Structure formats: structure tokens, C-alpha cells
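The structures considered in this document are given below.
Below are two complexes that have chain A in common, paired first with chain B and then with chain C.
Here is the complex of A and B:
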């Protein structure tokens, strides 16, 4: 059974290779091949899951050694896959949601000339992401990490003819490099400290290392997580990444890839548990991002960018939970999975709306769509209820657990984190209600597109609605399933461990507070957008609104703090290079050229001169030979 | 006759000169080539004119191919390694380096002969295809006789036997084991070359000028060699390289008759220096290089390619044998001097090439610089050094021959367009040809994945391990300077706009195409998979004595 593990990766990888190398011949069938291979991978994942359920908790984790990648003396890197409770959770999420989004893309990309290439990239992404979560060592994880980065880059810039898409892809790539550098430094530190980068030996001997070194490794891992998961201060790329096709936003930039940072931190729990300072940094990053993303989400008029802000904020919740240590690891992953369902569902819904509205993304030009697109409305609505934490739906349980865990941290810290999380819940309810109301309720504010075509909203084809419906089921029931008898907690406990915190508030109090916050946020949004007419053109807004529209000035900040000094440094170096080094080089070249010109004159063309120079040369040769002896 | 008779009579025991024992089998490569050359002379004398060109090509290819087969058989029989030995009473040595270099010379000669036979580049005259050589060599340039001969569409098919004689000399040169044989080989290879330089069909005056210059300076250099031979004989009482080495190291007895001069170190050192002058002239080392640009430019381009590749190979073989067999005992005397020569050769060759405007002169100076690089391998004075030089010569021969073959193809109405300005934008007009030439230039520059890199790496490594690190540093710096002018040509070909009235690239027959193609294959092969040939060279790198 374990020998099936490599096939999980091999199926989509083969698809990517086939589609990229197969050429035009596969234009007509390529997307179905890719979808079938994604589904095959999902089926394999289910089979492995069933097999794992059949074993008792102690023997569920298995390792499949493929081959020795770099076998050198004192340095060993293996291609080995580790399938345990944590990785199978990701495998099912990635391949399951991945398959649905493949299916959705068949309809969504039907008219795109480069559809085959799009599906090849999607398959490539699946393969890389599976390598990331299945690796049994950090080096192989790094391969997957870079692989998903590549796929993300290719897919954000898929419509490369649009300068904005090309720029967004480049931005995502550059910002991610900063995080990747953190991961590579962390791996190097591990190798120096532990002599290995395989999970097993590193975690087993983590206790022998000094706290300072573990903190350094932890902070570098956090930097990596910030880059990949768009956390402050490396969050700036996610909003622009919405330039990619919507299925990409749903799969990569909502459900799976951006959660890789959470996976990294939870997987490295053994290190973080021994480095409290690094853990503090993680919770701070998480708490700041959850508010940051929520505020940005409130101000965006672009439906995808509003959802992107929400993604950032929700991942902030997960990162914060992961930073809480064993109290929060399992809940971080639980929220990650439920978020994967409802956020992917809502992105697909947004894609469906855009599909019906001539690719319009501005919510101020929507309105009243619920009757025109009933399936989209229903599935999006269920996702909406899930994310704001409506009692009984997925998000309610998973978010509630995180808020409880935050309070359970104890002391002042616990109070601050808990209140942040509650505030975040309120803002979440506010901006999601705003999205919902602007899109599906109120009067029609439809505008003709650039070519003057009036929009004729209509429901999307089956290949698009079916995945939305399936995801909506997940949005509704996954949370309840996970919480029932604490099944998810027990499932993950052998990997992540679990600890009960010391909460100053009872669980029911927290739940009550969260529900009140949620209702308050939603009511405020209804008051502002549901009961009052919405202007088609965005009003100027307050200072905060304007800042939030510009992503809370993140780009201005980066520009002032990083880009400008960087450009100045580069300009200085260029000046030094062209004046100093090039001057030296050119001067040398000119000098040699000058010498050459002088020497040429010796070549007179007269035999007598040549003979004389030979004779002189002979004299020198004879004389110097004799001289050598006498010296 | 009379003095010999008198000597024999004085001895009182009749004629005592032993009949020499000749190992015809081991000498067969040379004998086959000389035989083919004589056959070529007969062809010239007896065959009707219209059949001669084809017949000569056939005879030459058969002779060279047969000789190469003989070299391969000898090598397979172990004459290069375990059964290496002296032949013809010690006059000739057949050993690894000799067989390796003979093989290289024969292969280059085959390719060169293919470029000789190229008949599609010149316009047809009177319905006859003509080649790159003078219609009638003896005719005065610009005279009536020449006009008639040209109008008739005549060809100088004597070029083939001349080449075969030169090749015969070249085969003997690196195998010569005594100084007189070496001198004879030197003359046998040089005299036909002087003539061949004068045979260009176009620009005949510059061609004849080149021949005369080459002849005068070559005679001058030969005189030094001969004088050096006399002095060394005076010192050692023998002309055989092995016996000279014994005297140098004090192993062997001194001949009483020569007791006055023997072991006079001044004779030895002056003689050694003069022998070196004679050979350094042939390899084109500074300050004995001044003939190279003029002769390379003036000679018919196929001959230049042959000369640049094969002569250099043969001369370096002789130089190696001289220093490694006869004078290893006084290496502390000659090594510093050769250091100076190598440095001067690399630097002057590379620096002077920068300002050249003619592609043939550029390649001539480049060959001077390469002579310097090869000398660094020679200075290593160990087996690795020999192996490196052998490999370098193999690599360099094919690149050179290929490069000059490409030069024959770029033409305008006045023949070959060798001025560099004519090569501007060639990459746009004939990308394939320009790419091939670029490959050869990169190999000259020693860029990885070409044979030039492997060769240069081998000689520099051998020199560095032999303790000549400063020499290697100078070598690398000169390579950098040299890379500048090679790349400049590439830039000119690919990144400049073509001249409106620029040259056209002629479409060659399969003959030249084969020569260039083999050059490309070998250049890439020795760059990508050099190991087999490196092993071969290192197996062959032991001199017998």
C-alpha cells in the first residue's frame, strides 16, 4: 500500500509533462487528461486514508524511501515521503479541492487558447504541493516549496499579455524570494546544528540545541511562512495575485498554497515548542495580519481583492493558532481545512459572477444578482455563513476553537490575543456581509463593459456549479464533523500533540461573545450597505478607508523603506562599476590596444628586418642560456 | 668516394661499414607516403592533363589513408608502448609520441587534401573547374603566358605530390632520433612548403613574396639548426639523441678522438640554443615568428590551413623529442630560457592579434599565441606535460584546419574576402557558416565544451603541477586578451549590419564541407567527451631512447 505514495505525486507530474511536451495534439483532450490525473491522485489519497484508518494510532505514520538524492560523505539527502495524519489531511484537501477546481476550470477556461498550458501548470502545482506536504525532510520540502512558487508565478502571470498580470507575477515571485531565503537559511542552520535536515533526527535532537539557535531557526521558518502565506510584513503580493485566473485564486491563493506557511510551522512544532521567543513572534505576526487583512477587506471594491484580504486575515488566525503551541496546532489545521472549503467555494462563486457579468470585478457594479444566479447565490451564501461563523456551520466551530485557544494562552497575552480574535471576527462579519449585500442584494447597478456590451447575468454551466455545490457541502458540514467527539483533534494528536490551556473564560462565554461580535459586524454592514443606496462610484471616504483601499499603504511602505534605498544602492554600485571597474577594464584594453599598435610597426614586411630580429633573438637565447649556467 | 675509399684502405681491413638493418614494417607510414608522392610525380609526367586532378586526389587520399592505417596497426601492435624502439640503426624512433603525432599529421593532411580539391569556389573557366592554385606556377605573374594558361583553365596538380613529400618529412620529423635525420626531415618538409606557398591563383605576387620570405628565413633558421648540430656533436661525439643524453649526464665514455672538445659546456649550451632556434622558427615562437603573418596571408588558404596545423604538430614533436630525450639532464639550463620564450610568445601573439584587420593575419597571430600555450606544456618536463601537448596538438590541428577552410568560403569578385570589415553581419546572411566559424573561434579562445578548453586546461594543469605557476598565470591572462579578439570577430559577424556590397558565401562541394564538418565534430567531441583521447595521449606520452 505504501508504494502508492509516490504515485500521488507522479500522476499530476506526468500530466504536467505530458501536456507541456505533448504539443497541439493534446489541445482538445489535455484538460480532461489533467482532470482525470488529479482525480486519480485524489482516489489514491482516499485509498491511503482508508488504509491508514485501518491501523491503530501508533502505527499510522509511514515513510516511503524512494532513493538517495545526494549521497555524499557527511551529507545525506533522500527523496523520501512521509505519510502521517497531518500529511494525509493535506493530501485529501489538495487533491480533493484540486480536482474540483480542475473540473471548474474546464468550463471557466473553455474559450482560452492556452487552456492546455493552464491545465499543465495546475497539474504541476498539484505535484509540487504534494511534494511539499509529503516530504520527510526539509530539503525535499524546499523542492516542493519552490515548485509551488514556480507554479504560482506561472499562473498569476498566465494572462501575460496584460502588463498588470505580468507585474503581479513578478511581484509575487520577488516577495516570495525573501521568504524562501528564510527557509534556506533555516535549513542550513539545521544542518549545522543537527547534522541532518530530515524531520525525524531534527525533532528528536531538538532538545540538545541551545534556545538561541532554536529561536534563530524558528524565526527563519517564520520568515518563510510569512512569504508563502502572505503574512505581515511580506503580505503585499497576495492582492495583486488576483490578476491570475479565478480558479487559480481559489486553489492556490486561497485553499492550498498560501496555507503552506501554517503547515511549515505546525510541522516544525518540535522546534517552536522549545523556542518561546519565536512562538511569540509567530502569534504577533498572526494577530497583526488577521486585523490587517480584515481592515483591507473592508475597503476593497474588487470582489476578488476583498476575498484576498479575507484570506490573509483567515490565515492570520491559523498562524496565530499555530503560534500558541500545542494548545492551537490542531485547531490551526482544522480552520485551514474548513477555510479551504468555504474560501475556495466563494472564489469559485466570484468567478461564476464574473463569468456572468462580462468579467466585471467591481462590486459597486453588481447588485441584485441572487435571482439571476440562484446556484451561485446559494453556494456563495453558505460559504458566507461559514466564514462569519454562523452557528452550526464549519467556520463557526473552527474559528471558535481558535478564539478559545487564544484566551487559553493565559495572562495578559491571552486577553490581548483573545480580544484581537474577537475584533477580527466582528470585522470579518462586516466585510463579508458587505460583499454579500453588494453582490447579490440591493438594486442593479450594472454597467456596460469597455466595448459597450450590457451584462446579461446568467447561471454558469454545470461543470462550474457542481464543484461549487460540493464545496458548499464542505462549508456546511466539515466543521461539525471535525468537532463531533473531538475527532479531528484526536486524529492529529499523535503528530502535533495537544495541551489544554488555562482559559479565564468558559467555552460557552467565548462562543457567546463571538456570536455577538459576528451579529454586530453583520448588522452594521447591513445598515450601511443594505438599507442605504450604494453609490456606483466609490465615495472619497475617511482617511482609514483611503489607506485601506491602498492596502494600508503596504506598497508605499515597501517602496520607501526597501525599494528606494535599494535603487539608491544599485545606482551607487552601477556608478562605481561603470566609473571604477569599467574604467579600469577599458583603460587596460585601451593600453593593450595601444601597445599592439606600436608593436605592429616592427612587422615591416622586409625580410631583412625579420632576419635581423631572428638573429637578435638567437643572440639573446644563446646568451641567456649561457647566463643561466653561470648564475 | 675517394676519401671513403682512402679511409677504408687505411684501416687495412676492407670495407667495414655494416649494411644497415632497416625495419620496413615500422617505417611503413613514411614509406607509403613517399611512395605515393613518387607515384604522383609519375602521374604528372605520364597522365593526360584532364585526368590528372582526379588521379592525384585519389593517389593522395590512398597514400595518406594507407599510411594512417599503418599507424593504427603499429599502435595496435604495441609499437607505441611496449614494443617502442629505435629503427634504422638508431636514426628513427617509433614510440608513443611519434605514432600519435604521425596519426594527427596524416588526418590533418587528409582534410587538407580535400580542401585542395575544392573546385566549386572559383568561377569556371572555359568550362573547366579550377581550384585555389595557380594555373601555371612557372608563369610570370601578369605575363602573357599566365594569361594563356588561365584562359586554358589549367591547374597546378603538382600541389598533391608536393604535399605528400612535405607530409613524409613531417612524419619523419617527430620520429627523428638523431640530429642529422632531424635536419633532413626538416628540409624535406620545408622545401615543398616553400613552393606550395607560391602557388596561389589570385594575388600571385603576394603569394610569391610570401614564398621567398619563408624560404629565406627558413634557410636562415636551418643554418642555425645545422650549426647547433655541429656544436652538439663536438660536445658529445655523437648525433644520436640518446647518446647525447648519456654524455650530458656523464654516463657514457668520452671518445678519445674528440677529447679536446668533448664535454665543453659552452659547446653544449650554445649548440642547444641554436638547435632550439631552428625548431622554434618552425613552431612560430617569438622572436622567430615574424614570417608567420606574412606567409599565412600570402599562401593559398588551403595550404595555410595545412601548414598551420601539420607543420606545427610535426615541429612540436621534434622539439619535444629534442628536449625530453637528448637534454633532460640540463633542464635547469634550458627551462628558464624557454620560460622567457613561452611568455614572450603568448603575450606578443595575443597583443599583436588585437589590431589585425585581416582574418588570415589574425589567425596567424593567434597561432603564435597558441605556440606559446603549447610551450607551457613542454616546460612541464614530465609525462603529463607530453600528454597535454599531444592532446593540444590534436585539438588545435582540427580547429585550425576547419577555420581556414571556412575562410576559403567567404568570397567576393576578387576571390577570398579576408578583410575583417567584409565579415560584418555574416551571421545574418549565412547563419550556419557564421555559427561554425564562431565555434572554431570559441575553441581557439578555450571556451568550455570545445576541444580548445580541454587542451588549454591540460597544458596549464601540467605546467602548474610542474612548478610553473607564474607561467600559467601569464598564460591565462594572455588567453583573456586573446578571447577579446576572437569574440570581437563573433560580435562583428552577428551584431553588426552587413555591408551592402559585402561578400557572398560560396556553396562548397562535399569535399570542403566534409573537412569543415569533421573539424566541427572533432572540436565538439574533444570538448564534450575528451576522456578517451586524454587517455590515449597519456598512454602515448613516453619517449623511447
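Here is the complex of A and C:
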């Protein structure tokens, strides 16, 4: 059974290779091949999951050594896959949601002439992400990590004829490189400290290392997670990444890419548990991003960008939970899975709306779509109820657990984190209600597109609605399933461990507070957008609104703090290089050339000159010989 | 006769030859001056042989003659071919060996 593990990765990888190398011959069938291979991978995942369920908790984790990649004295890098409870959770999420997104893309990309390539990249994305979560050592994880970066670059910039898409892809790639650097440094530190970078030996001997070194490794891992998971301060790429086709956004935000950072931190729990300072950094990053993303999400009129802000904020919840240590690891992953369902569902819903509205993304030009797109409305609505934490839906349980865990951290820290999380829940309810109301309720504010065509909203084809319906089921029931008898917690406990904190508030109080916050946020949004007419053109807004529309000035900040000094430094170095170093070298060459030109004149070409010099030389020789004799 | 006189003559001949090489331009004359220098040194060698009472100098003089004969053959051939191409035996006209 274990020999099936490499096949999980091999199936989508083979799909990518086949579609990219197969050429035009596969134009007509390629997308179905890719979808079938993704589904095959999912089926394999299910089989392995069933197999794992059959064993008791201690024997569930298995390793499958494929081959030794770089065996050098003392340095040993293996291509080995580790399938444990944490990995299989990710495998099922990635391949399950991934397959649904493949299916959706069949309809969504039906009229794109480069569809085959698109599906190849989707498969590549899945394969890279699977390598990331299945690797049993950090180096192989790094391979998957970079593969994810590459696939996201290719997909965000898929419509490369649009300069904005090309720029967004570049931005995502460059910002991710900063995080990747953190991961590579962390791996090097591990190798120096532990003599290995495989999970097993590193985690087993983590206790022997000094806390300072573990903190350094933890901070570098956090930097890596910030890059991939779009956490402050490396969050700026996520909003622009919306330039990619909508299924890509769904894939990036739900199943792959942004979840990698959470995975990395939870997987490295053994290191973080021993480095409290690094953990504090993680919770701070999580809490800041949680509020940052939520505020940005409130101000965006572009439906996809509003959802992107929401993703940033929800991933902030997960990172915060992961930073809480054993109190929160399992809940971070639980929220990740439920978020995977409802965020994928909502992105696919957004794509469906755009599909019906001539690719309009401005929510101020939507309105009243609920009767025109009933399926999209229903599935999006269930996703919406799930994300704001409506009692009984999946987001309610998973987010509630994170808020409880934040309070359970204890002390002032616990209060601050818990209140941040509650505030985040209120803002989440506000911006999601805003999205919902602007899109599906109110009067029609439809605008003709650039060519003057009036939109004729219509429900999307079956291949698009079926995945949305499936994901909506997940959004509704996943949370209850996970929370029932704490099944998810017990499932992950052998890998991540679990500890109950001491919360100053009872679980029911927290749940009540969270629900009140949610209702308050939703009511405020309904008051502002549901009961009052929505202007088609965005009003100027307050200072905060204007800042939030510009992503809270993240790009201005990066530009002022990083780009401009960077360019200035580069310009100085260029000047130093061209004037200083080149000047020195060129000057030396010119001096030698000048001297040579003068010396050349000695060579007259006249025999008598040479004869004279020979004569003179002989005289000197004879004279010096005589002189030496006489002395 | 005092053998030193031969040495004075050899020095005189050598000086004449050397001056000719440095001052004259005709390749043939130049050549004859070189021969003059060679013969001056031969004279000096033979004189030294006499003065020291052994044959080393005389043997060396024979070598010089043989080498000089060979040198004349090669040198004259070069001068003739230069004259053919440049229509001049002046050494100042063959000054192309420079940049």
C-alpha cells in the first residue's frame, strides 16, 4: 500500500509533462486528461486514507523511501515521502478541492485557446504542493516549495498579454523569493546544528540545541511562511495575484500555496515549542495579518480582491493558532480545511458571477443577481454563512476553536489575542456581508462593458456549478464532522500534540461573544449597504477607507522603504562601477598604451641605429668586464 | 719586432671597420667593413697566439675565417635579393621592420 504514495505525486506530474510535451494533438482532450489524473490522485489519497484508518494511532505514519538523492559523506538528502495524519489531511484537501477546481476550469476556460497549457500548470501546481506536504525532510519540502512558487508564477501570469498580469506574476515571484530565502537559511541552520534536515532526527534532537539557535531557525521558518502564506510583511503579492484566472485564485487560496506556510509552521511544531520567542513572533504576525487583511477586505470594490483580503485575514487566524503551540496546532489545520471548502466555493462562485456578467469584477456594478443565478447564489451564500461563522456551519466551529485557543494562551497576551480574534470575526462578518449584499441583493446597477454590451446574467454550465455545490456541502458539514467527538483533534494529536490552555472565559462565553460580534458586523454591513442605496461610483470615503483601498499603503510602504533605497543603492553601485572600477582599469590601460606609444619610437627600422646600439652594448659589456677584473 | 705593434694595427683596422658599419649606407660597403672587423680580430688572435706561444689563437682564427666565408655567402644573397626588390643597396631604404 505504501508504494502508492509516490503515485500521488506522479499522477499530476505526469499530466503536466504529457500536456506540455504533447503539443496541439492534446488540445481537444488535454483538459479531461488533467482532470482525470487529478481525480486519480484524489482516489489514491482516499485509498491511503482508508488504509491508514485501519491501523491504530501509533502506526498510522509511514515513510516511503524512493531513492537517495544526494548521498555525500555526512550529508544525505533522500527523496522520501512521509504519510502521516497531517500529510493525508493536506493530500485529501489538495487533491479533492484541486479536482473540483479542475472540473470547474473545464467550463470556465472553455473559450481560452491556451486551455491545454492552463491545465498542465494546474497539474504541476498540485504535484508541487503534494511534494511539499509529503516530503519527509526539509530539502525535499523545499523542492515542492519552489515548485509551488513556479506554478503560481505561471498561473498568475497566465494571461501574460495583459501587462498587469505579467507584473502581478513577477511581484508574486519576487516577494516569494524573500520567503524562500528564509526557508533555505533555516535548512542550512538545521544542517549545521543537527547534522540533518530530515524531520525525524531534527525533531528528535531539537531539545539539545540552544534556545537562541532554535529561535533563529523558527524566525527563518516564519519568514518563509510569511512569503508563501501572504502574511505581513510579505503580504503584498496576494491582492495582485487576482490577475490570474479565477480558478487559479481558488486553487491558490484554498488548496495550495497559501496553506503551505501554515503547514510549515505546524510541521515544525517541535522546533517552535522550544522557542517561545519565535512563537511570539508567529502569533504577532498572525494577529496583525488577521486585522490587516480584514480591513483591506472591507474597502475593496473588486469582488476577487475583497475575497483576497479575506483569505489573508483567515490565514492570519491559522498562523496565529499555529503560533499558540500545542493549544492551537490542530485548530489551525482544522480551520485551514474548512476554509479550503468555503473559500474555494466562494472563489468559484465569484468566477461564476464574472462569467455571467461579461467579466465585470466591480461589485458596485452587480446587484440583484440572486434570481438570475440561483445555484451560484445558494452555494456562495452557504460559503458566506460558513466564513462569518454562522452557528452550525463549518467556519463557526473552526474559527470559534481558534478564538478559544487565543484566550487559552492565558495572561495579558491571551486577552490581546482573543480580542483581536473577536474583532477580526466582527470585521469578517462586515466585509463578507458587504460582498454578499452588493452582489446578490439590492437593485441592479449593471453597466455595459467597454464594447457597449449590456450584461445578460445567466447561470453557469453544469461543469461549473457541480463543483460549487460539492464545496458548499463541505462548507456546511465539514466543521460539524470535525468537531463531533473532537474527531479531528484526536486524528492529528499523534503528530501535533495537544494541550488545553487555561482560558479566563468559559467556552460558551467565547462562543457567545463570537456570535454577537459576527451578528454586529453583519448588521452594520446590512445597515450600510442593504438598506441604503449603493452608489455606482465609489464615494471618496474616509482616510482609512482610502488607505484600505490602496491595501493600507503596503505598496507605497514597500516602495518607499525597500524599492527606492534599493534603486538608489543600485544607482550608486553602478556609478562606482562605471566611474570607479572601470575608470581605474581603463586608466591603467591608457597609461600603459601611452608609454608603449612613446617607447615604440625607439624602433626606427634603420640598420645603423641597431648597429650602434649593439656597438654600445658591447662597449658596456667590455668596460664592465674590465672594471670587474680590476676591482 | 714588438708583437704589440700588430695589436695596434688590429685595433686600428677594427676601429675603421666599426666606423664604416655605423656611418656608411651602402650595404656592400657595410659588408666589407664587417669583414674588416673580422680580419682585425683574426690578426689580434694570431698575435696573441704568438705572444703566448700556443696555437689556440690560430685555431680560433681558422674558425673565424670559415664562419666569415659562410656569412658572406648568406649576406650577399640577401643583399642581392633586396637589391632586386627595392632597386637600391642602401640600408636606409630597408626600414620597414618597425610599427
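Worth pointing out:
The working rule: the second predicted complex is superposed on the first by the 581 of 631 C-alpha atoms of A that agree within 3 Å, B and C clash if a C-alpha of one lies under 4 Å from a C-alpha of the other, contacts with A are read in each partner's own complex, and residues count from 1 in each chain.
The rule we apply is simple: a residue touches a chain if its C-beta (ideal position, glycine included) is under 8 Å from a C-beta of that chain, and two chains touch if they have at least 3 such contacts.
Values in this document were obtained by computation on a predicted structure and should not be read as measured data.
By the touch criterion defined above, A:411 reaches neither chain B nor chain C. Judged by the number of chain A residues each one touches, B leads among chain B and chain C. Of the two partner chains placed by superposition, only chain B is touched by A:593; chain C is not. Using the contact criterion defined above for the overlaid structures, shared-chain residue A:605 touches chain B and also reaches chain C. Shared-chain residue A:485: touches no atom of chain B or chain C. Using the contact criterion defined above for the overlaid structures, shared-chain residue A:616 touches chain B, although it does not reach chain C. Annotation: chain A residues 600, 603, 605, 607, 611 touch chain B in one complex and chain C in the other.
Against chain A, in their complex, chain B makes its touches with residues 212-213, 216-217, 220-221, 224, 265-266, 269-270, 272-274, 276-277, 281, 286-288, 290-291, 293-294, 332-334, 336-337, 340-341, 348, 351-355, 481, 484. Interface residues of chain A facing chain C in the complex, by the touch rule stated above, are 600, 603-608, 611-612, 615.
For chain C in complex with chain A, the touching residues are 18, 21-23, 25, 30, 91-92, 94-99.
Those residues of chain A whose C-beta lies close enough to touch chain B in the complex are 589, 592-593, 595-597, 599-600, 602-603, 605, 607, 609-611, 613-614, 616-618, 620-622, 624-626, 628-629.
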